[in-house]
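Think of it as A, B, C and D in the order they're written, each chain with its own count starting at 1.
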Amino acid sequence: MKDGLPWTQDEMMTVAAARLLWDGCVCFVGIGLPSAVANLARHLHAPHIVLIYESGTIGARPSVLPLSIGDGELAETATSVVSLPEIFTYWLQAGRVDVGFLGAAQIDRFANLNSTVIGAYDKPRTRLPGAGGAPEIAAHARQTFVILKQSARSFVPALDFCTSAGFSGGHGERARTTARGAGPQAVITDFGILKPMAGSDELQLTGRFENVTSQQAVQATGWPLQVASSLEIIAAPSADELRVLRDMHART
Amino acid sequence: MKDGLPWTQDEMMTVAAARLLWDGCVCFVGIGLPSAVANLARHLHAPHIVLIYESGTIGARPSVLPLSIGDGELAETATSVVSLPEIFTYWLQAGRVDVGFLGAAQIDRFANLNSTVIGAYDKPRTRLPGAGGAPEIAAHARQTFVILKQSARSFVPALDFCTSAGFSGGHGERARTTARGAGPQAVITDFGILKPMAGSDELQLTGRFENVTSQQAVQATGWPLQVASSLEIIAAPSADELRVLRDMHART
Amino acid sequence: MGALLSLSDAVQRHVHDGQRIALEGFTHLIPFAAAHEIIRQQRRHLHLIRMTPDLIYDQMIGMGCADALTFSWGGNPGVGSLYRLRDAIENGWPQPLSISEHTHAGMAAAYTAGASGLPFGVLRGYINNDLTGVNPDIKSVRCPYTGEQLATVPALNPDVSIIHAQQADRAGNVLLRGIIGAQKEAALAAKCLIVTVEEVVDTLDAHMNSVVLPHWVVGAVACVPRGAYPSYAQGYYARDNGFYQDWDAIGKDRTRFTDWMRQKVLRVAA
Amino acid sequence: MGALLSLSDAVQRHVHDGQRIALEGFTHLIPFAAAHEIIRQQRRHLHLIRMTPDLIYDQMIGMGCADALTFSWGGNPGVGSLYRLRDAIENGWPQPLSISEHTHAGMAAAYTAGASGLPFGVLRGYINNDLTGVNPDIKSVRCPYTGEQLATVPALNPDVSIIHAQQADRAGNVLLRGIIGAQKEAALAAKCLIVTVEEVVDTLDAHMNSVVLPHWVVGAVACVPRGAYPSYAQGYYARDNGFYQDWDAIGKDRTRFTDWMRQKVLRVAA
């Protein structure tokens, strides 16, 4: 636990992201934090949230957090199990997903994401897993939430590779593409929440967790991060939120 | 029964067509004569024939002849029931069908078929049911068999409408299209069997039933029908063939 | 989403004059009860969409609900003609009917594109086929790899699709069993989906890979036992093949048709 | 078709050096046993195709079976990196690996086109995405109706696809249950299909709308209980999540990897 506080920044991120989800929303989730976030919301204020995993499970209600997106419990608890091509055509591309969760190794000021390589593509310094479902989630979910710890290494002035377009060059460029969704509407970090500014589409710190300063967030960003004039202070996880989150992890 | 013979020309057609099917062949069948033919073959010499109905049933083994191509017994006895879009993509268009059966209201000398209208399309004298699955069966089955009673009204010099291409203008025109299958390899009528001639692709009478003359077949054709120099005489239905066919109809 | 309504309310609320609507079901699970309710509520100027118009659209067309029809095979399966459809096309009775005619493979591709959020579907089809001359919707694209020319159809996205299914649960999830035709595609291609079901149950009789439409894509569910009759519902009742044969005589004659509709449809409450 | 063979005979007969092969299974039903047999039979110069290379291709790549890889997500799910894959790409060990990289949606469209007998698949994808700059296979077509530019991918048609399934019956019909990924598409896109199964039964535990591949599209069936381990087979055994975590340390080190493969794969009879 960071700074001797009774909760970790990971827990704070998870809770802050879960609060953004509403009951009944249709959520396309990957493994790791996104899955934890969506399931936490389901156990808290959003019992009717619909979880879609790209493995083909629609409406899964796992009691423990899956390690892989294709765990048996997802299939056993789903309303419907369909093929993977169907997930990407009839469900994602058709615009039926309210919220898509994305992670990445790098993000730029317009919320474009790199999960492919660090260094040159042909001679990578670090080869990352790659695109998976992310580029089309980024395009077609009605909105996306990005979850990513903030550091000058991950919040970069220029991506080494653009895997998933956010607002591309900003200033309405995304709206002129054939991407259907509104794009990244929140980036949840271990310092707070960034949102795109109207007009420029550039990310701005709009909320900070109560145990960090906006100055710390700016220092952890590889570009001159704008801070909203009215900065929201995001409340620490409640006892209830922490209990449910920890129970969920303990069961897993 | 025609001419006082112990079997009808309908029965002769059905039996003659069934003899063309081999054990294990994958057969795309419609309702009516094609379904009777394929099921007769299954009960006679081709127990492992695979019947695909466009309703989505693969490997159906109905005990009675279905009235519609979507009867419940087809689903109950099938190896697999899939969606109709899948039938036309993964199964037919992919080239997995050995034999497609087609009927029509009109056929021309290159085995092109009309099942759409008699008269002008915009002001039809008779509006027929239309294309259904036929045009793509005609294109993608490895070969097609056409079953159609012969008369000057149905065997015409020029179609009112081309619903399903056979050999189009003949002389190799089909082979120059993107149609995958070899096209109509046999037309079974109530007089005998017509097959395309190498080179011209024009239909030729290659076999006649033993109770008709080739002259009768020529007279029942709206174009100057070629007759093969070595005309096969097609044997009358055997007692066994007739018994199985009549049992099948009696059960239905 | 997925509100449980009476059929009458569902049609009242969601089906409006002039819409493009698809009542799908390939031989099996044809939503006859819903069609009859639309006829009773006298919807007009509909653009009907359906692979096989079948008796269900023969009735709607004969009762004057439709201005236009998109279809791919318009017969009485295993029996013969649809005389009301023919009368509309051949003689403009009770009113002219404009048609947009496809092949099954083309309609299937168009529904699939509609369900997939794509503007068009691609198929190797309509080869040397006169339909391309009478239906301007059939176009082509060139494969960027092989140079091959392939046929295209515009996506079908009905304003309303109506299907019949075996079961809904109380949340509004819907289970289809048996021959499913292009219903899933028609359902997901629509702006609004209405489902009639044989029964509403606590728990669907589904297994892991069953065909289930989740409640949040369903606009309204109406419980209508025998709602597919004279078509059938696998596990509930069989197709009334006799009625399909009887329809030949009923549908052939304008007066007999009108009398039948008056007695068997108009005078029946939903 | 659908001959019941030993796994060793099936690989011997159907898998050859230099082929394009796909061993599919999305998290579930990954055909590990078949991969191990290919490693034992020392196939070389394969072009491996798989959405998620997973441990199965990490092992094949590390053992020198592959010259090329077509894929869309190359990590150890929920754990981290595939170090053998990375070592091949970053350092050319044990040999260089050329890659053709896609998104999941692109791979799915490519398999679907392959299964459908179409030369290409269409999707609204790869939008403002650098993959289009490094993968010349990603092209576009213009919608003939709306003018919209859409991405295309060339059809994937592997020489051989290998999948694992729960059951085959004695005729060679194959049943898959649970999460089915893109296996049906990969299976039907292939020139030759090999299936390993948990058990061969008299009658498949199937219902009407189960995912069943008929015997006449199956080139060979091999009965290999636990053939998906450390992946899983719904209804038979669970995923060994612990092994996926252990693999992180095994796969990270060339020597430890080679030792592990020698002991656990090479010295084991099929």
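In this section, a contact is a pair of C-beta atoms (placed from the backbone, for glycine too) under 8 Å apart; a residue touches a chain by one contact, two chains touch by 3 or more.
Predicted model only: the values in this text are computed from it and were never measured.
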Fewest touching-chain hops separating subunit A from subunit D: 1
Chain pair with the higher count of C-beta pairs in contact (A-C, B-C): B-C
Subunit B and subunit C, separation of their C-alpha mean positions in angstrom: 28
Approximate Å spacing (C-alpha centroids) for the pair subunit A, subunit B: 57
Interchain centroid distance [CA atoms averaged], subunit A/subunit C, Å: 40
Residue numbers of subunit C (touch at least two other chains): 117-118, 123-124, 148, 150, 178, 180, 184-185, 208-211, 234
Residues of subunit A touching at least two other chains: 75, 81, 89, 93, 140, 180
Chain-chain contacts as defined at top: A-C, A-D, B-C, B-D, C-D
Complex contacts: residues of subunit C adjacent to subunit A: 115-118, 173, 184-185, 188, 208-214, 216-217
Subunit D partner contacts - residues on subunit A that touch it in the complex: 31-32, 54-57, 66-72, 74-75, 81, 83-85, 88-89, 92-93, 112, 116, 121-122, 124, 126-136, 139-140, 161-165, 168, 173-174, 177-180
In the complex with subunit D, residue positions of subunit C that touch it: 117-120, 122-124, 139-146, 148, 150, 152, 154, 177-178, 180, 207-211, 234
Interface residues, subunit D side, partner subunit A - complex: 26-28, 51-52, 71-75, 77-79, 81-82, 85-86, 89-90, 101-105, 108-109, 111-112, 123-131, 134, 148-150, 178-182, 184-185, 232, 234, 238-239, 241, 244
Touching residues on subunit A, where the partner in the complex is subunit C: 24, 26, 50, 58-59, 75-76, 78-81, 89-90, 93-96, 140, 180
